[in-house]
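So, here come the structures, one by one.
Below, chain A partners chain B and then partners chain C, in two separate complexes.
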Partner chain A sequence: MVDVTPADAVPPAEVGEMELYHPHSWWTKYVFSQDAKVIAIQYSATATSIGLVALVLSWLMRLQLGFPGTFDFITPEAYYQFITMHGMIMVIYLLTALFLGGFGNYLIPLMVGARDMVFPYVNMLSYWIYLLAVLVLVSSFFAPGGPTGAGWTLYPPQAIMSGTPGGQDWGIILMLSSLILFIIGFTMGGLNYVVTVLQGRTRGMTLMRLPLTVWGIFTATVMALLAFPALFVACVMMLLDRALGTSFFMPAIVEMGEQLQHNGGSPILFQHLFWFFGHPEVYIVALPAFGIVSDLISTHARKNIFGYRMMVWAIIAIGALSFVVWAHHMYVSGMNPYFGFFFATTTLIIAVPTAIKVYNWVLTLWRGDIHLTIPMLFALAFIVTFVNGGLTGLFLGNVVVDVPLSDTMFVVAHFHMVMGVAPILVIFGAIYHWYPKVTGRLLDETLGRFHFWVTFIGAYLIFFPMHYLGLMGVPRRYAELTDMTIMTESAHHLNSFISIMAFIVGFAQIVFVFNLIWSIRHGREAGGNPWRATTLEWQTPQTPPAHGNFGKELPIVYRWAYDYSVPGAKEDFIPQNVPGAFAPSREPA
Partner chain B sequence: MSVILVFLLVIAGFAGWWLSHQRLMAKPWLEQGMAGDFVGFDRSALPTAKIGLGVFLAVVGCLFSLFTSAYFMRMGLPDWQPLPLPRLLWLNTGVLVLSSVALQCAVIAARRGQTDMVRLGLATAGLTALAFLAGQLMAWRQLTEDGYLLASNPANSFFYLITAMHGLHILGGLIGLGRTSASAWNGARPQRLSLSVELCAMYWHFLLFVWLCIFAVLAGWAATFIDICRKLLT
Partner chain C sequence: MTETTVTHTGQPDRPKGWRGITADWASDQRAFKNVSWGKAMMWIFLLSDTFIFGCFLLSYMTARMSTRVPWPNPSEVFALRIGGSDIPLILIAIMTFVLISSSGTMAMAVNFGYRHDRRKTAILMLLTAALGATFVGMQAFEWTKLITEGVRPWGNPWGAAQFGSCFFMITGFHGTHVTIGVIFLVIVARKVWRGDFDTGRPGFFTSRKGRYENVEIMGLYWHFVDLVWVFIFAFFYLW
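Coming up: the complex of A and B.
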């Protein structure tokens, strides 16, 4: 380890200034903007809009499950289309795009002390290709035959056969094209996020001084850059199968008594490619959430993060491990028992770094000066929810438990808890936390608390009962459950209850969207640093930050991001760009 | 999936080596009030564009490793019928090597500031790369004329798919090369020109390397090589 002596006086920074693009017209300033902050808002707005579509789709599914046979327009085909589009939109077009495209674009340059992303033009292209991908996806709702109903995993051979909605129509083609576009657009953005963290850091901002938010987004982006190509390969090959009649994934198959022209493809190959992307994707969504929640907890508990180094190492370890667990999604497809053993073991090992993070969050809270602000409420709710969802993950990671539960509602409850509700809670917390920096005004407090409590309690009332339904054996993916012996009357009541809760929680999200729009003009003025936080984005001369982020001179970083309640300091926080040494903060090595 | 795992292992090794030089053992909470004492830990001295291209090439490498992984998995099934590779591919390989060599000459010339030689190198590289693409199309035509159609069996589909992907990447590189050539003819600053020529060369060498790997895989030598390794191990 390098031994360094404290020094108060530091020579002025010699950080190379980048050449910023200066917009000349309204169009280049607000629409075709190369400013990462504008791109972040564009990403977030697009992701939220398409996310609302997916929310409505989940309502339609719950209508059918809660009150079967009441709504004529929800045919089994339509139900499958709702499932598919809901899953795909939420996982890729909402969560991935919002965490990396939205928060990544806004926070990385500000937090590392850069003027902008390193390749602003490519960054702009990234958004427009993402928007195109979303439009292609939306267009499939209006295409003949409607969107694809293959399930969000798009397993062949059924995905491109005539029995599946959209299989022999436009649905699947538009879905695959949209994914290919998304991946191209994401790669452009991802290059920016990674290289900005590597090369855009201001003077004194060493890697070990980065806020954990940046570590989370950085690692997740590296993973996404390496994992999305697998989805790309799978999509291109399936597109060729569907459009040009090749047989990458399509075996010799008889449909309606007719032998199809396909011959000799391997559906398992698709599953390997898909899950080679699909499992890292879980952590691509989770790691930014981990990072953001660490910063929220530290800031709102006025205490340094416990075990910063461990947090960083755990993020890296989770990122690396998540590439060797993919086949635990394929236990039901059958595999060599030794492989099953291997993948079950790696799956359970991931729980170790994850648990370290949970302990560190809890120990950060321990004897902290906890302010129950709305971001803090969401952060606390995240910890509870993530532990909950994670524990059922330990069940499902074991082959013998997974095989009987795999096709039941238990799995639905598990992954909604761990990668649906938990990251969304962090997104909400992060929006309440950073909205004042983006707009200069705070979100409305009363509406916010209403939103939090309804969302938090409501989400539990939706997904907790689903575990029981799953243990009873209620299958997932079925549009009609009425005539099954496992569907007792109480199970039906429970299903109706879940549906009603889903409507209430969905309604709370509309209140939230209203709050977002209303507070832009009517929210309470926030000032530059309402949470009295240490990281660089709160130290900008203007709020919202102007083009170029920092004034004439880039900030110089003198300390890590977690100097809260330092003994001997005047205030209970010391921003990263304040020089001078105080007594060392309390955390032992 | 072994090819992609090996590729990721290489990436992980590189990332680990880099991280080990980043003071991951530091205790940042004890290092207050210092900004100038971290020489060498702020950012790399390499040009940012080069690092950006490096990251992009890692993604491209990942893409082709995945195609190769899929190829090997499919190849393992009993009904695999490899297709005979046209002889023309040897000539194309030679042309692509020539293209890389020409760009390397351009790099050397750019460092010395010989603008004429840079222009010559860029033009040669561009023309040979176009010739390579034309050659690939002719190889496709030969195969289709001999009845090896895209959809007639999986080996054929893989051949067309992988060569097409590689060709598309060359095509994308030609756009970059075109922009570099434009700035070479319009008299860009020598330092800036030198950087863009180096970036082109880096991309070209990488795509040449990818092509050599693909060629070995499609011709079946890679499979023989893996077989030998497997026998040595067991």
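Coming up: the complex of A and C.
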């Protein structure tokens, strides 16, 4: 054999066996479960359900934009409420919760070779507080005055004034309370994910042998633990402004000819706090996607990831840089030109590690044994979509280009491409990839391919034309665009077209949900390792993995996660727990 | 769960420079050697909490620096009339002394905890809790005094409305931390007293065995809350 790595000396276990909580009843096994896998499914199901609500809200918005004046029940107030709740749900309650609470909980313990998260009880609380946050959010739909219509950024002063839906009713109070709950719940889970990765790995699993999925989720969680505090503080302060009449964010202001009680507050302060959270949030959603897609590409192209170490450092660099770019969301708020220069520079620097990642994905594909499975299709779609959204990010990162494009449909197109469609494509790919591990059965192939093509092409047909609308000057967040001079005949046609595509893509998601439910019983039996993958979650003795994940003995890791198509090996994949003496490795020294 | 033993897992020829640093941090099983899960988790939580207090204090400073209305003078506002003369910040000084003393008793409790001296540990923890409760009590007194003088979250008789808002918000949030700390001190003290950490009695909620290290983890939180107070004291009262 060539390239034989000598069998690694396996160090002794540094940590004794974990005390697992063994459930005694149906309730503690499936409902108040402390098992990270059950919690992951609970998180995912809740996030998907509330995400479907947000999907319907986007349909309602598109009804109004595509066919203005046709639907009487969509008042301007209702439109603002749809826009706000759609954005907030998608970013926080769907994407963040699904990536970290869903995939994080399921994959971290399995991939690092742990029996569970380090503190399963706290982990369970995390889910229940998240559920409470979702319920508070949903309750605002039924509160007097309806949910808040302040936009997902909740900018004061308008967010808590009577002109905004929910501003002087329950809407904004429930929104802020729900966010505070979400942050508390997330912190409980996040601490678990971080400590499990740092301190709870199995023997042989160094950080530089972690699958990139874990790296992405881990870094995103660390960022979330440092970024959510700013949102927490902003929510508390705005809640005080609204409920107690303080003036943290409220300047002296006249409303309907009446001077309000507020005096001397700074709306810009809110923007700083919000975006100190808000920009890292973009990468909290993107980094897990980066990590997962790396593993999907490597597995389905049967080739080791190109430049593993570079990929890890790029994830860390993106995470660190994303904390010093937040004011690029505030160019039009006005700032010292030197600050604008600084934030534009840091923003553009992020393109460097990001581009490294894209090159490495492409180089991983190069001369790979590409299997066009559904996860692979989604991964490829992610790369192009992400490059697309990333390039428009370069436009918007520059002050002089951003100012005229600000608050146009161009911005909507940009962020939907880069942090809406791209991460969701990865989520789909990841679900098709790991569903067999969760249920023991594969998702239906035909429905899956239908879902992929409609979603991928449809998403482009929705968001690509929006760039043109934006360049024409069509503003975002306007409920009624009929009487504007920029809204030419063709722009109206384009809007109607986008709306129709949105319904079609939305319909495809319902097919996907059907597939998820149908395949639990009727899907093809998958076996333990249908993709012939190397990482530990595929090496569990049972599928789905039993309580405690790995049977009697924890696996010992002898190699990195990417030993695919190693020359001289019998199989084209070598699992991480196969000793170096039995098979060669291509792990970088 | 986390019996910690000193282990040397490194190979003799370690890489030099950045590679070596990376290899150390990324080393097998644990990034922080001989640090238990609970302790690691508390440190990371405190890091996150630091960002919360940091945001609160930065927001307060922004409000104070950008307001065009004069800021009330803390030395006068927080003065107590004792023996016919106004003594500035006297209550705050006592509060600070009490809280810092409680850190001392907490540190002693940790020490006796590791000697498995149940009685002394529990007594010192309860003493810490009592000092913490005294702090919260004095804070309640201070709130009451200011409220009777007309300070409200939305305004006060002397100047910028943000004075009251920031005061109630920041001291309230800190006081909540102290109160939670007092509650948990009492809970852990009870466990120590009962000998839970010797007998390996499983926790009521978590059904896991506790260890005397829990006293230290409790102490980390307590010292943190104490440290935050020093910053609040410096930035809110002394500025």
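Methods note: the second predicted complex is superposed on the first by the 567 of 589 C-alpha atoms of A that agree within 3 Å, B and C clash if a C-alpha of one lies under 4 Å from a C-alpha of the other, contacts with A are read in each partner's own complex, and residues count from 1 in each chain.
The rule is simple: a contact is a pair of C-beta atoms (placed from the backbone, for glycine too) under 8 Å apart; a residue touches a chain by one contact, two chains touch by 3 or more.
What you are looking at is a predicted structure, and each value in this text was computed from that prediction instead of being measured.
Chemist: Touching A:121, do we find chain B (first), chain C (second), both, or neither?
Modeler: In the superposition, A:121 contacts chain C only.
Chemist: Looking at A:304 after the superposition, I want to know if it touches chain B, chain C, both of them or none. Which is it: first, second, both, neither?
Modeler: Once the two structures are laid over each other on A, A:304 reaches chain B alone.
Chemist: Who wins on chain A residues touched, chain B or chain C?
Modeler: Of the two chains, more chain A residues are contacted by B.
Chemist: Looking at A:558, would you say it contacts chain B, chain C, both, or neither? Reply first, second, both or neither.
Modeler: first
Chemist: With both complexes superposed on chain A, which partner does A:247 reach: first (chain B), second (chain C), both or neither?
Modeler: A:247: touches chain B and chain C.
Chemist: Mind working out whether A:132 is in touch with chain B, chain C, both or neither, as first, second, both or neither?
Modeler: After superposing on A, A:132 lies clear of both chain B and chain C.
Chemist: Counting only touches as set out at the top, which of chain B and chain C does A:323 meet: first, second, both, neither?
Modeler: First partner only, chain B.
Chemist: Return first, second, both or neither, reflecting whether A:19 touches chain B, chain C, both chains, or no partner chain.
Modeler: A:19 contacts chain C only, not chain B.
Chemist: Could you list which residues of chain A make contact with chain B in one structure and with chain C in the other?
Modeler: Shared contact residues on chain A (touching chain B in one complex, chain C in the other): 11, 13, 118-119, 187, 191, 194-195, 198-201, 203-208, 225-226, 229-230, 232-233, 236-237, 240, 244-248, 261, 263-266, 269, 273, 276.
Chemist: If we count contacts the way the header does, which residues on chain C are in touch with chain A in the complex?
Modeler: 1-5, 7, 9, 11, 22-23, 25-33, 35-38, 40-41, 44-45, 47-49, 51-52, 54-56, 59, 62-63, 66-69, 153-154, 160-162, 164-165, 169, 173, 205-209
Chemist: Quick one: which bits of chain B touch chain A in the complex? Just the residue numbers, please.
Modeler: Going by the criterion above, the answer is residues 1, 4-5, 8, 11-12, 15, 19, 22-38, 41-44, 48, 51-52, 55-56, 58-59, 62-63, 66-67, 70, 73-74, 77, 79, 150-151, 153-154, 157-158, 161, 165.
Chemist: Which of the residues in chain A end up touching chain C in this complex?
Modeler: Going by the criterion above, the answer is residues 9, 11-19, 21, 118-119, 121, 187, 190-192, 194-195, 198-208, 225-226, 228-230, 232-234, 236-237, 240, 244-248, 261, 263-266, 269, 273, 276.
Chemist: Given the complex with chain B, which residues does chain A contribute to the contact?
Modeler: 1-2, 4, 6-8, 10-11, 13, 118-119, 187, 191, 194-195, 198-201, 203-209, 222, 225-226, 229-230, 232-233, 236-237, 240, 244-248, 261, 263-266, 269, 272-273, 276, 304, 308-309, 312-313, 316, 320, 323-324, 556-560, 562-563, 579-582, 584-585, 587, 589
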